[in-house]
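Right, one structure below, let's go through it.
The letters A, B, C, D, E and F name the chains in turn, as written, and every chain counts its residues from 1.
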Amino acid sequence: MRQGRLSMSALELIQINLFSPVILCFFLGIIATLVKSDLRFPEPLYQALSIYLLLAIGMKGGFAIRASTESGILLALVSGIILSALIPLWAYPILRFMGRFNKADAAAVAAHYGSVSVVTFLAATTFLSAIGVHYEGFFPALVAVMEIPGIIVALLLIGRSREEPTPWFESFYTVLSGKSVFLLIGGLAVGYVSGEQGMTKVEPFLIAPFHGVLCLFLLEMGMLASRRFGDLKRVGKFIITFGVLMPIANAIIGILVGSLIGLSQGGAFILGTLASSASYIAAPATIRLAVPEASPALYLTSSLAITFPFNLTIGIPLYFTIARWLIPA
Amino acid sequence: MPVKTQTMKRISIVAEAIIAERLIDDIIRLGASGYTQTAAEGRGSRGVRASEWEGRNAKIETIVRPDVAEKILERLTSHYLKNFAVIAYTHDVEVIRGDKY
Amino acid sequence: MPVKTQTMKRISIVAEAIIAERLIDDIIRLGASGYTQTAAEGRGSRGVRASEWEGRNAKIETIVRPDVAEKILERLTSHYLKNFAVIAYTHDVEVIRGDKY
Amino acid sequence: MPVKTQTMKRISIVAEAIIAERLIDDIIRLGASGYTQTAAEGRGSRGVRASEWEGRNAKIETIVRPDVAEKILERLTSHYLKNFAVIAYTHDVEVIRGDKY
Amino acid sequence: MRQGRLSMSALELIQINLFSPVILCFFLGIIATLVKSDLRFPEPLYQALSIYLLLAIGMKGGFAIRASTESGILLALVSGIILSALIPLWAYPILRFMGRFNKADAAAVAAHYGSVSVVTFLAATTFLSAIGVHYEGFFPALVAVMEIPGIIVALLLIGRSREEPTPWFESFYTVLSGKSVFLLIGGLAVGYVSGEQGMTKVEPFLIAPFHGVLCLFLLEMGMLASRRFGDLKRVGKFIITFGVLMPIANAIIGILVGSLIGLSQGGAFILGTLASSASYIAAPATIRLAVPEASPALYLTSSLAITFPFNLTIGIPLYFTIARWLIPA
Amino acid sequence: MRQGRLSMSALELIQINLFSPVILCFFLGIIATLVKSDLRFPEPLYQALSIYLLLAIGMKGGFAIRASTESGILLALVSGIILSALIPLWAYPILRFMGRFNKADAAAVAAHYGSVSVVTFLAATTFLSAIGVHYEGFFPALVAVMEIPGIIVALLLIGRSREEPTPWFESFYTVLSGKSVFLLIGGLAVGYVSGEQGMTKVEPFLIAPFHGVLCLFLLEMGMLASRRFGDLKRVGKFIITFGVLMPIANAIIGILVGSLIGLSQGGAFILGTLASSASYIAAPATIRLAVPEASPALYLTSSLAITFPFNLTIGIPLYFTIARWLIPA
């Protein structure tokens, strides 16, 4: 397996990624909307799946940190935070001056690209396990910390210019106590404290079925994403280009950073994918309240209907090819 | 013996779910003695919004005295109408247990 | 040709979920031809209650003739208001298919 | 400064869930600027129906101008009342943001 | 096991069927309603279980088709379609002239018996696995295609006679894109394309717990079915007789067809059970909209409160006895 | 393992209990409320988890009874019923005369302590399996029967004094057909009748993931319990003391009874924990309707916000220490 991977062509990588049940279910969801199927996930099911996935990622990560002898977690966390914080700083001027967005819209979109997408992270780990490449076990912790800084920085960017601005620390607290970050960090703590004996008992529920549950979740994500395809015309060409090029640029930066701080090939690839991904849970909820004048049509469409599908299908094998090229296994 | 009723205002608000908690805080602060909330879906003149991710619309109803009703509608107009997906309407109702509002 | 409508009373009841079934039985027994129930949450003047465990509040609506409305409000006042978390209000509505109520 | 409100019609429809989408299409086509839908259960004069399988009842509300209200009630009467489980009623409400309807 | 089965008496077969957890849970659901328990499945749970079961059947079937070397799938599909299409043609005149139903009611009931019941299919496969009898892996595909033709044929039967008839292709599209058929066919595709590597990963969620989830689902089905028992008096004796004899006749026809096209003993039994079963998901939804003047009390009560429980308890061992008698193992 | 347990200090026992994923998730739920996280379990998820847990406990118990050669189940059932019935008889006068509660409130609280808490039972079995101590397999049956008598006796205590009393047998029937008792008893029957072959098939859904599902459930329970912490001030010091001392006393009585009727060390510990636990599902629902004038703030706060967390954290290792002291392994 390990050797096989080295010789895989980019095409083979794309194929392995596209033909995994998880990605196929995402396509199935898109098709469901296109053919106007009456298939609907009841809202509580969507929420239940989210709670399950976030708690399970967290617990698995907490246990991995406890069990591992890997060093470098601190360095990785700090790098992740800085990376997330910097992305909006270069996304904002691009949106503002090349895209001619107003301040609110530019900051709102920038916040989304600074934050990360949990499902994109999961698709990346799925891909790695399909091609048999190892990655560091502490990544769930990284996902949790990388959700926040990008949003805060983007808010600071427009903070001064508004009449009744939400103080940044209020937004910081909102994201930190928000359900996605809370479940990730809470799960990390539970997994870390309960250790091996605990994990053995919850394994049949939280680990073994994880991949299958993810399929179900991506079926719903496909439906949600494709319901926004209609908005693509409305938001204009600039944002579509932005939604494809920005993630590629961020992925390369992320992979380079990962390589610099000594992550494994797989680890650098995941850091790149995280950097490239755009949030569609934590960020929209925070931004909607903190910057209500920004248009959700812009930031949701770009993160959910452009960048998310792009990363899921082409981005992941592409970023791995780049990581493989830069870092020896 | 006919039941004694009292005339009050019922305000119905339909808003994107993400602002529901804020709206409720405002309503109570402006003098409502309670509220009732149901989950709703809907379509209006605005396009997409973040609420899809935080749950659907919230429908909030509150029975209040006319002066409180006036204050709530003012607050909605000044703080929510511009940026959020929200509608509100009001009409008279006869309540039992009128002293509790 | 304008649609023929008829004036009826609409009663809205919001109550802790655990008494919903009893309320509905009473409503039908007192002469309502039907009811509509939705799940609701809310806050009022009472504190905690068991309903949290049995589901949230129930919102029950029924369209009835004025005399039936009177009876239902009486029943609510005499049997539920004291010990249970419940509010009720009523107003006039124009219905189509008026003969069915 | 009192809030400016405008009088409109509120139509409430309770129908078996399976026809909800059709009803909404009709409502929008006849001139409503939006609608709000909640999930409901209920009992009326009809017996069993397929909707149990497709979800419960749907409660659809729309705020419309009187002339649109009239058209919607006509449509309900001519196309739905005979074969489907559905009731509808209407009353006046005061809305803020009256220009949007 | 294989030999044991051959010598099992009909009584033993009935007992094996009735004492499986799945059927016992169905009875438990019936009892819950009879004793007026406040047990209720929240609607989203019912929908979540349906989505899970349909997707899992589909994926399992898709993988089975890919993995198998069995031929004859095409012949089986064509036979299934023809069988489904013919059943309403002989059910309709019986209902119309012996039952004295009006055209709408006769066509509506006929449509339900032309279509198939997914849960009855699952109960039949559960039964086969309990007695250790093999069946062809392509059956999930058959379930998907057999849901549709019966409904369309029944609609054609009354099409001309109505004022504002829904065109048949509109109904065809409704069933095809309807959630049950969509999930089955979608799951088939996902399972087929992702193959063994994919299935290994989703197996702990979609295959291993399947039987247990089915128990939960049948608990709810028991409650739903028994809530209709009250209507039995109202609908009259004819429909009760029809709801028992029609499935037996259709089962025999199905088994004979299966035997003719060379299915295994288990396969012919399943084809018979499919033919005998009456739809209670796809058909009611389609018929309610396409033939609103037909009485749901008639078609739901007969399919759900008569034929479904009959098949689940007595039908399945009976049909297997017939199949065993007609076809050597 | 077996030997290790004998030498474990009380502190080690507390630590093993507190650091299990189940209890950690309970704390996580408490924290979620304290930090005002927007994490919410949709109501249908809470109900689905309850249905799953109750059915699974029941089926596992039914199968255990069938498979076991243990005698003494009848004696245990009778002892459990008597124990449940007697607890309100001594709780009532304490509440009435020491706590100065009115009749309705005293009886309502007494009813809750007479009944049992299913989740506390599960936490106790989780604890036993973590330290490797055996207990009798028939306990799920005991849980079912011990839910009811305490409620009935408490109702009889005030029955005469009220204007429009609900007859006790009506309440008896309400509890018996109530979802929690119904699922437990129904599950027992299904598990017993279907036996080993049946259990093998449902095991991957109903047994293996059980512990993990319990984690999720306790996350929600933590949120529910901590939402009541605010009422602690309001209800007064007496009820807080009562909510801690009453369970300890009842646990000791339960352990003694268990020892008398010859239960194993683990079994006596569980009987003690059951006796000590206070209901928060069956009892509140019944009492709210039968004694509406009693204050839910009193009985829910004491059972859910005091006794439940106390038992879960300190009670369980404490009771085991007592059982270990009284009964040799």
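Everything that follows uses one rule, which is that contacts are C-beta pairs under 8 Å (C-beta built on N, C-alpha and C of every residue); 3 or more make two chains touch, one makes a residue touch a chain.
Quantities reported herein were computed from a predicted structural model and do not represent experimental measurements.
**Q** Any chains in contact with both chain A and chain C?
**A** Chains that touch both chain A and chain C, as defined above, are B, F.
**Q** How many links in the shortest chain of touching chains run from chain B to chain E?
**A** Each step joins two touching chains, and the minimum needed here is 2.
**Q** Of all the other chains, whose mean CA position lies farthest from chain F?
**A** D
**Q** In terms of C-beta pairs in contact, which of A-E and A-B ranks higher?
**A** A-E
**Q** Among all other chains, pick the one whose mean CA position is farthest from the mean CA position of chain C.
**A** A
**Q** Mind checking the centre-to-centre distance between chain D and chain E? Centres are C-alpha means, answer in whole Å.
**A** Comparing mean C-alpha positions, chain E is 36 Å from chain D.
**Q** Measuring from the mean C-alpha position of chain B to the mean C-alpha position of chain D, what distance in angstrom results?
**A** Whole-Å distance between the two chain centres: 19.
**Q** On a C-alpha centroid basis, what's the spacing between chain A and chain D, in Å?
**A** Here chain A and chain D have centroids separated by 41 Å.
**Q** Can you tell me which residues of chain D touch two or more of the remaining chains?
**A** As it turns out, chain D has residues touching two or more other chains at 38-39, 91.
**Q** Check each residue of chain F and list the ones that touch at least two other chains.
**A** In chain F, the residues touching two or more other chains are 42-44, 48, 204, 209.
**Q** Which pairs of chains touch one another in this structure?
**A** A-B, A-E, A-F, B-C, B-D, C-D, C-F, D-E, E-F
**Q** Per the contact definition, I'd like the list of chain F residues that touch chain A in the complex.
**A** The touching residues are 19-21, 24-25, 28, 31-32, 35-45, 48, 126, 129-130, 204, 208-213, 215-216, 219.
**Q** Okay, in this complex, where on chain A does chain B touch?
**A** 43, 224, 228, 231, 234, 280-281, 284-285, 287-289, 292-293, 296-297, 300-301
**Q** Which part of chain C faces chain F closely enough to touch in the complex?
**A** 16, 18-19, 22, 39, 47-56, 82-84
**Q** Can you check the complex and tell me which residues of chain D touch chain B?
**A** Going through chain D, the ones touching chain B are 1-3, 5, 8, 10, 24, 28, 33-39, 63, 91-97, 100.
**Q** Across the complex, what residues on chain E touch chain A?
**A** 42-44, 47-48, 51-52, 55, 59, 177-179, 182-183, 186, 189-191, 193-195, 197-199, 201-206, 209
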